[in-house]
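Note that the chains are named A, B, C and D in the order they appear, and that numbering of residues resets to 1 at the start of each chain.
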């Protein structure tokens, strides 16, 4: 672009942004990191009156290379598996001190589905007023892409590689939301970085929920999913459009909403751009079977969550992530 | 540089801003491309539809009109009569339905007339002597208007009393109400143009005289002379020319008392003649054209599709891909015409020819066969310039080869399609050329912007929406001068503007701002002059991931090799 | 330093008895320590609890191995070797039993050989049933032990019971204590108890209060 | 009159007197009575705090950590397996310099599983960066618990108060509880310089690269050394208010002419003291009660052991393949002094095995005997060994 504006003082422009920047640039996330984006969107929605407990993982590592921090909210990292308990402790302290600051907990899928699950279950059972956000990139990315219980079936990771005898991960992705919802959970939802308005709405709802709330955000990892760094949003959107990533809300164990699919795409559209599924396109009966398996899972999701049952409300741009012409904050003179 | 250790290793908020991740970029960086929307690329008048649709989405009708008239001063006119290649080119046509750009254009034109808006940005006259414009049709009016915008004094010479040229004389009022054209023409003249009506070059004024008295002369006399016509060498004794009939009907309001007529030709005039005949009570009106129907993929006729459709609604029978092979005569009197099926094919010489297929002949019994096959320049007064040609030989900017200070455009120039919109474009480009010449400036080529094909758009961000259709007068009520197609409602116009995909240009959707994982896209509280967007890239942090470009719905952002650039 | 071991079954209030006794000791101006047998036994299993009483601060944190007194809450436990294990020669054995001394000695059989234990049986369960409506013999036994040894003033025991028993149970238990007072011979174990309490030095015997260690 | 309180109950009262904002608890024998008593105090509204019944020790430590970071005085308690489950978080708390207090009701570590007292659990965590104070009586447990909060908050270091499981936790003794006024006077309201506060945001728990990691560890180490003086000061300040001191970093008593010293940690000190009282025919000996294991009071030890010819270090834990842990540290402390005594490393009382009065004789015999060169388990029962094990 031509750069009259770029020559201006960027920091003063940055200070005038009409959104809250809880996570600043200067973080060391990979190019096109879905988790960095998701975390910023979460904080954009939560505003500054929050405290974050963060699990060990990429998000922690790339934001806090001492002496620098990319966080502008109070933030704390303890260890990998205790994030929910850390948040619970903060929340208990705020309760004891009569402070209204909302406590958020951030963890990846490993820190949610696997090593952090016990603490999370305990936190929910005890009813702590915490919004737990799981940035789900479907593997242990921080340590170099090892499989987690969130890794989808057939995805290749460094510990579930594809080979002559294996087509990637042999086990299903754990249905964590159902498990969470089964705690008589006031609010549990899934979101995707490809649908930022929906995501932000769900953060708001989670924050407004008195008591525990859970939000799982499908967050593409270009490194681990092996797609072009520019394609993160596209891949995430395809995940939703194929039905493999249902965007739902559950309240007290009951599903209360599902983002309707405008048009359903075949799972291959989602799988093709991702290197972790490359082996499924080999001329091999096992690969074909797993492809069919993934399609069946998507079909099952569509039926199970009713992804095609409801019609989008008119003007429901959240669900479509559609755009329309916007305006700048200051209306130009002469506008009607 | 040594950092002092903090107890427990805590860090200050936002201190990572000191770490400039812009150095991570690898070869490419995001850029605002300013691509050319196909509609703009296709508009012969030089309009950029998406540019004026943008303010309209916010209900800003006046701004929209003001942007529109930077290219075309006659939107209420062209909105009615233009064949709108913009809509054919519109990317949205490949998504659901093309935008009804012509209808929005007309809506804006009508709104301006209704509100009596004046053209913005007309300066005081700065040059003397003035520029002469010969011909007050769309080309002449447009040239004069743009010259005025550039500060020049202009005098228009026209053989007729009223401005408008062929549009005024040859387009039936049911599709081009006279008062609309006159109002727009008057508004142009009111920018400070001297109107010398009833002055025909060649008889009332001499071209050389004009060249002496004026700094430059723009010739847009139109094409007034009917092309010769015959069928297999036979010309009816009493040939009725279509255009002449139309003029008569528009002036007198009646036609000879015929029952069955065949009109030959594939342009708008033939359709207008056919429809006028129908209105005058002719029972059977046949339109015979070599071309296919306007909506056919191959070899479509030039007449505007909607006009053809309306003609058919009104009972005109179209014989497409047909030619008149022979006239059936009883003495001098025509009793019928033999038609034959035709197809445009490439011949052995590699050129396109139309072939008739023997055995497909059919006889149409008619009272008269009326050719409406177009006109050429009336050479009187311009013989020295034409030198036997029936058009003015000009370059892209209307400059006449070998004739310094002479410019031409409109129907009279080489390669004209006889349409109003290209004539307006001719006038605008010639005005720019004249301006450059008078100011002794080099004539800069028009800024070339890359066209944005639909394949580069990110259509997942758009939802289908039906195209706005103006209300159409029912066939039974199509009488007299009543205009058939109505203006869009304000709501329709706004909805239609919202449908614009904004190809190649920023629609302020916030996607880049929202999706950048590094907050390297910042948003200003105003759009940047010359950029059209309120977004700037903070290259100190941009890692070059390309998400902004991949998620830009309009292909406004592209990843491009980094150049030596500030910031 | 006087050491007592109380035997019973899990759930019979053995630890409560020990804590009551220690509490009463402290209330009476002595130093005291009480603790259960550190085990993983469940309800119903034979268990033990321990009490130390002294006129000087007690620093010792070892197990009680050679108690001066053994209190048995359930006479069936008499049959177990460990019930009398380590009881000092001439020590006191208080059994919750209506049986007379001869019968109890007969039950101990060869274990009595050369030990010269002073044995008493008291109908603690009967008293408990009578006043509490159920068999919780611990307070009756403590009352008997207090009366026999004269180490604890009735007021001290009452104070301990007031502090540790549930209010609803207190009155009936106090009646048990009073009733027991008339069933035993006061001071029968006086010398034995005071000798232990004051580490064998007789000069403190009459004070009944803790002196310097 | 002294209050007859079970050790656990006494500790619970001491915690309550410190007015914690958050207590996190997960039950494990023999810590259970402590958290049960605190729960009851909360239920009876005698203690106003957030009592968080977590799902594991890991979370107990973490909740306390989160609460302390979020501006509340926080407390938790555990033992044995629970302490080891906490291990990762305990290192983390210390590294983050979070002030909080935890009671460790010392117990053996499995396998074989054993619920009884020894010191193996706390010993295993001695490098976690926590201050570790050992209590010899229920009175010391009360006093040390209250002092621990002041120490932790003053130094921004976590404090582990080690109390022998069962031997103290389940034993009723007459104790003196300070009044609430006294404790309030002694212990100011909780402050933490890096409290999580949305009005003054800070980032806690960053990743520190090789270029600064050493310095952060060094600073932690220095803070621990500074704690030695602080432990003494706080103990003295507490004594100034209550009249009771707990022995600072260590306490020595015995005749000046004694040539033998016996060093121990925790409740066994009383047993040895009583043993010495009752065995007056044996040579005079000094008893050294080591209260602070971390920081390790090297200078105080050198002073305390000066002039002795033999020192027995009696421990309830050891490092398999290396012997007595504290003995090794005592050796290190004395290494290079001009009159280094002989150090005899002795182990007793593992997994709840009773250390009787007679242990004193064994200990003295060890001191008077030839150097054994290796750690001796004084109460080993050879008959219990499988054949073939020496």
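Quick notes
Note that contacts are C-beta pairs under 8 Å (C-beta built on N, C-alpha and C of every residue); 3 or more make two chains touch, one makes a residue touch a chain.
What you are looking at is a predicted structure, and each value in this text was computed from that prediction instead of being measured.
In terms of Cα centroid distance from the overall Cα mean, chain A ranks first.
Looking at contact counts per chain pair, the maximum sits at A-B. Between the Cα centres of chain B and chain C there is a gap of 114 Å.
Chain A and chain D, compared by their mean Cα positions, are separated by 44 Å.
In terms of their C-alpha centroids, the spacing between chain A and chain C amounts to 67 Å. One inter-chain figure worth recording: chain B and chain D are separated by 91 Å, centre to centre, where each centre is the mean of the chain's CA atoms. Annotation for chain B: residues touching 2 or more other chains are 3, 9, 11-13. Shared interface positions of chain A, defined as residues touching 2 or more other chains, are 64-67, 69, 71-74.
Residue positions 96, 201-206, 208, 212 of chain D are each in touch with at least two other chains. Interface note: chains touch in the pairs A-B, A-D, B-D, C-D. Of all the residues in chain B, the ones that touch chain D in their complex are 3, 5, 7-13.
The residues of chain D lying in touch with chain C in their complex are 1-2, 4, 6, 30, 115-117, 136-137, 164, 166-168, 170-174, 267-271, 273-274, 352, 354-357, 359.
By the touch criterion stated above, chain D contacts chain A in their complex at residues 21-22, 24, 49-50, 52-56, 58-59, 61-72, 74, 88-89, 92, 96, 196-198, 200-209, 212. Within the complex formed with chain D, the chain A residues making contact are 48-51, 53-54, 60-61, 64-67, 69, 71-79, 81-82, 84-97, 99, 101, 118-119, 121-123, 125-126. If you check the complex, the residues on chain C that touch chain D are 18-19, 22-23, 26-27, 29, 31-36, 38, 40, 58-63, 65, 160, 163.
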